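By written order: A, B, C and D. Residues from 1 in each chain.
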Amino acid sequence: MNKRIQLKNRIFQIIEKATEDDKASKKFDIFIMTLIILNTIAIVLESFNSLSEKYSLYFTVFEVISVIIFTIEYLLRVWTSDLLYLYSKGKLSAMLRYIFSPMAIIDLLAILPFYLPMFIPFDLRFLRMFRISRLLRLLKINRYTKALTVIINIIKSKKDELLATVFMMLFMIMISSTMMYYFENQVQPEAFPNIVASFWWAIATLTTVGYGDIYPITAMGKILASIIAVLGIGIVALPTGIISSGFMEVVTNKFKNKEIKIDEEKKEMICPHCGEKIHYK
Amino acid sequence: MNKRIQLKNRIFQIIEKATEDDKASKKFDIFIMTLIILNTIAIVLESFNSLSEKYSLYFTVFEVISVIIFTIEYLLRVWTSDLLYLYSKGKLSAMLRYIFSPMAIIDLLAILPFYLPMFIPFDLRFLRMFRISRLLRLLKINRYTKALTVIINIIKSKKDELLATVFMMLFMIMISSTMMYYFENQVQPEAFPNIVASFWWAIATLTTVGYGDIYPITAMGKILASIIAVLGIGIVALPTGIISSGFMEVVTNKFKNKEIKIDEEKKEMICPHCGEKIHYK
Amino acid sequence: MNKRIQLKNRIFQIIEKATEDDKASKKFDIFIMTLIILNTIAIVLESFNSLSEKYSLYFTVFEVISVIIFTIEYLLRVWTSDLLYLYSKGKLSAMLRYIFSPMAIIDLLAILPFYLPMFIPFDLRFLRMFRISRLLRLLKINRYTKALTVIINIIKSKKDELLATVFMMLFMIMISSTMMYYFENQVQPEAFPNIVASFWWAIATLTTVGYGDIYPITAMGKILASIIAVLGIGIVALPTGIISSGFMEVVTNKFKNKEIKIDEEKKEMICPHCGEKIHYK
Amino acid sequence: MNKRIQLKNRIFQIIEKATEDDKASKKFDIFIMTLIILNTIAIVLESFNSLSEKYSLYFTVFEVISVIIFTIEYLLRVWTSDLLYLYSKGKLSAMLRYIFSPMAIIDLLAILPFYLPMFIPFDLRFLRMFRISRLLRLLKINRYTKALTVIINIIKSKKDELLATVFMMLFMIMISSTMMYYFENQVQPEAFPNIVASFWWAIATLTTVGYGDIYPITAMGKILASIIAVLGIGIVALPTGIISSGFMEVVTNKFKNKEIKIDEEKKEMICPHCGEKIHYK
């Protein structure tokens, strides 16, 4: 029994992010990373009709092997979840906590499209796109790089202001879309058949993407579009100003040698599973 | 008579933004907010021809009920306006002050499209778009959230610089449109029939939206468009720089622990009706 | 003779920017401003074929009157130029200095299109677009508003960095245009007939305008365009960062109460004719 | 023998960036710069079919002369490389170090397209585009201008954060492209034939270029495109914020009169060949 616990502990060490000395764990990390990258390449290549027809077998075999590996890894993670959430009440609680953690949902999403057609008779081909979600796991490896952590922390610290900007943007989209529908609907009913179609125009204009697939042709519509395009500059300026000030706070703190808000010196990490801070050493 | 004043006071408390304890007032706020959101959804759904034809009756009934509620609310607000503007000279003065306040105009604009066709024989269908203006009332609820207030205050504090940028932009649009008209009119008279049509091109280029519906084809026109596109970057850079410095002023103030310009600690609010500051507690 | 000098002095006072008390000078300023705005409106209206044909006579009469007024004003300014450049060596020197000042060139440019056809037999219709240059004179009135002065001073103080950005941009345009020409010319010779045509694509992409009139269709071309589009973000980010830091310098200075670089308190103005600083009172 | 060393030293002085007094070296610099600019103009002009046919001989002669000069210069630089890398172990080591330095590779790239067709029978016409790489040498002359150095140093000091942004961008492109392929492929297989084609859409949208050659038409595709367009604003905001804070660090340092990070006062230069710092005087 003690041996079983030892095995479980070892497996947990291996599947979790490697410490500096743990070579087996490191190799496992590299193996999974490589597999994810190969899977991503396979997804891209498979999208070419000529390739997917010609090498259909190879793609299938590779996917079956990949899914088996990822499934085993997923099950092992569920099994060892009580070692991750040490303070959980009971094993089941730890398992559920793990299963509903964002990273586990992403993992499940990536393997589910393979199993679902076995149970559900519908055409679920489009579900296959969720296989790409696996790629997000690579962020887990990179999120500990200093720069990405700084950026994510700055975005988090400015979450309120950024959400307020998004909120203002939604108001502008809603109001301008409705007005544009009333201006343009009668003149070009195919381009602006309803207000939801207007949303598409409003977003393309506010974000200054401007595909040019639909645009106003009436005088009033053009005046409204001009106002929205100019306000679109403000919508770019606001998050930029917010993020700039976030970066500046970090810089200002550095110079003042005061308590640094986004602490880079203290050995601190954010748990990828629960999002809570862990201080170590 | 005293009872009538008590009733009026109570109604005023209910229709105004709720204090923490006032449950009836809170319920009223939530009811009005829900009604506004449902109205917005109705406006969007009604724009689909298939839906508006099939459920014509339901849309009409819902609108009649909504307008009646909003009309009653509007009249109650006008009636209790002397409680809002306590320092007004007389009741009529308070009423007029309320009626011409921005929020009251928005409220009126939202219900007017319903009543106007009764008095005016013209086709005023496009006026119906003003029903969406109701949505702006939701800002009233959210404008007190810290982040949005900070953003709005920063924009206000930088009003002069932002307006100067808009002013420079208008100059660029005016001059580049005129020049573009002279360059392009003879080669593509349908795209650039007059200078006003050129405005549309100038705005789409300066804001970097670039729909691509009209663009220069002559060598001189392309050179001018290139210059305007490059200046367009400056037109994006200026407001961003202005807003960034606004956010930085707040940040700098925070660190210096000096008198904070955009005071978030002091209990202070801006009256939604007159825009003047009110200190409380 | 003394009277003639008095008259000249009075005329100079009137045509120059008015002091607070000088009512005649103020009226003249407003008159010229109004005339410029009316001329601008006339230029826009005249560009409509229907209007320019119908009211041809009115447009001509208005233009003749305007040009006569602007010509008289121009000649008076040349005549009184020795009062403006008090330290000039002789009258002719002052006149030449005035005539070659930017504002005088703009003034001349605006009236010249009227006189030129009398002397030169060519079709110089396109020269008429320079009439809009008159509008720039309104900047003279507004450039003293605090905000615009601050913005212009910040841009000036960051001239070197901004020019370096433009310089980098020109390099990118040159290199990417040449490469794109070699990638796309053989596949779509109409879209990319030569490198100069590629410039047009490169500018539209780098500035993120993206009209969509020409774009790469080869794999290599698309890869290059992707790189340029991403670098385009940098080209937007650089001037924004530069201008932000310019605004921040002003803000930082304000807080430090030190010598303020862009002095707003000292009564100082920049001479509109020679660009040199004038301290007064 | 001593004379040969003297000659070698003199040649090295001449081909390297001139010191203030060395007139021969300065003339050589100006000559090479002029030749590079003339070559660039020739490349542009040659791209016009009409010109390249008519003046074919002149273009060829000019290119042959240019390539001979650049080849001699390149060989002289290789020969004198031991004077540049004084601390190299032996002559060959210095040569190899020079040959594989970025600037030398650019130089070689610019002359190679001329010699290659002599040895390789394939059609390598497209290699001719690398002649434009010569233009990059002009940066060498200008990179010592203060402003460009400041900008490049700021970009370098923020390299990590900027790369993290690019990294996030690649993730967004990869995931959104895959999803868009699954949404749009069946409805418009010509626009989205495979995931690589989707990349092109994703980049055009994220960078807000928006050519409008391909765009989603399904509801899900439009929702995804809207999210990506909004995130695209963030992708513009991040580098801008990063670069702004970089410029601010310089500004803050200036005001504090402390040790200036990007030292502009100390006579220090970055060796164009090895990238290492050289302190002089």
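Everything below uses one rule, namely that contacts are C-beta pairs under 8 Å (C-beta built on N, C-alpha and C of every residue); 3 or more make two chains touch, one makes a residue touch a chain.
Please read all numbers here as calculations on a predicted model, not as lab measurements.
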Rotation, 0 to 180 degrees and nearest 5, that superposes chain A on copy chain D via CA atoms: 90
Chain copies touching (chain B, chain C) - same or different residues, decided at half shared: different
Candidate from A-D, B-D or A-C with the same interface as C-D, over half of contact pairs in common: A-D
Inter-chain centre distance, chain A versus chain B - centres from mean C-alpha coordinates, in Å: 33
Whole-Å gap separating chain A and chain C, where each centre is the average of the chain's CA atoms: 46
Touching two or more other chains - residues of chain A: 208-212, 236, 240, 242, 244, 248, 252
Chain-level touch network, classified as line, ring, star, complete or other: complete
Chain D residues within the chain B interface of the complex: 208, 210-212, 240, 244, 248
Residue ranges of chain A in contact with chain B within the complex: 160-161, 163-165, 167-168, 171, 174-175, 178-179, 181-183, 185, 193-196, 205, 208-212, 215, 222, 225-226, 229-230, 232-234, 236-238, 240-242, 244-245, 248-249, 252, 256
Of all residues in chain B, those that touch chain A in their complex: 40, 43-44, 47-49, 125-126, 128-129, 132-133, 135-136, 138-139, 142, 145-148, 150-151, 154, 166, 169, 199-200, 203-204, 207-213, 235-236, 239-240, 242-244, 246-248, 250-252, 255
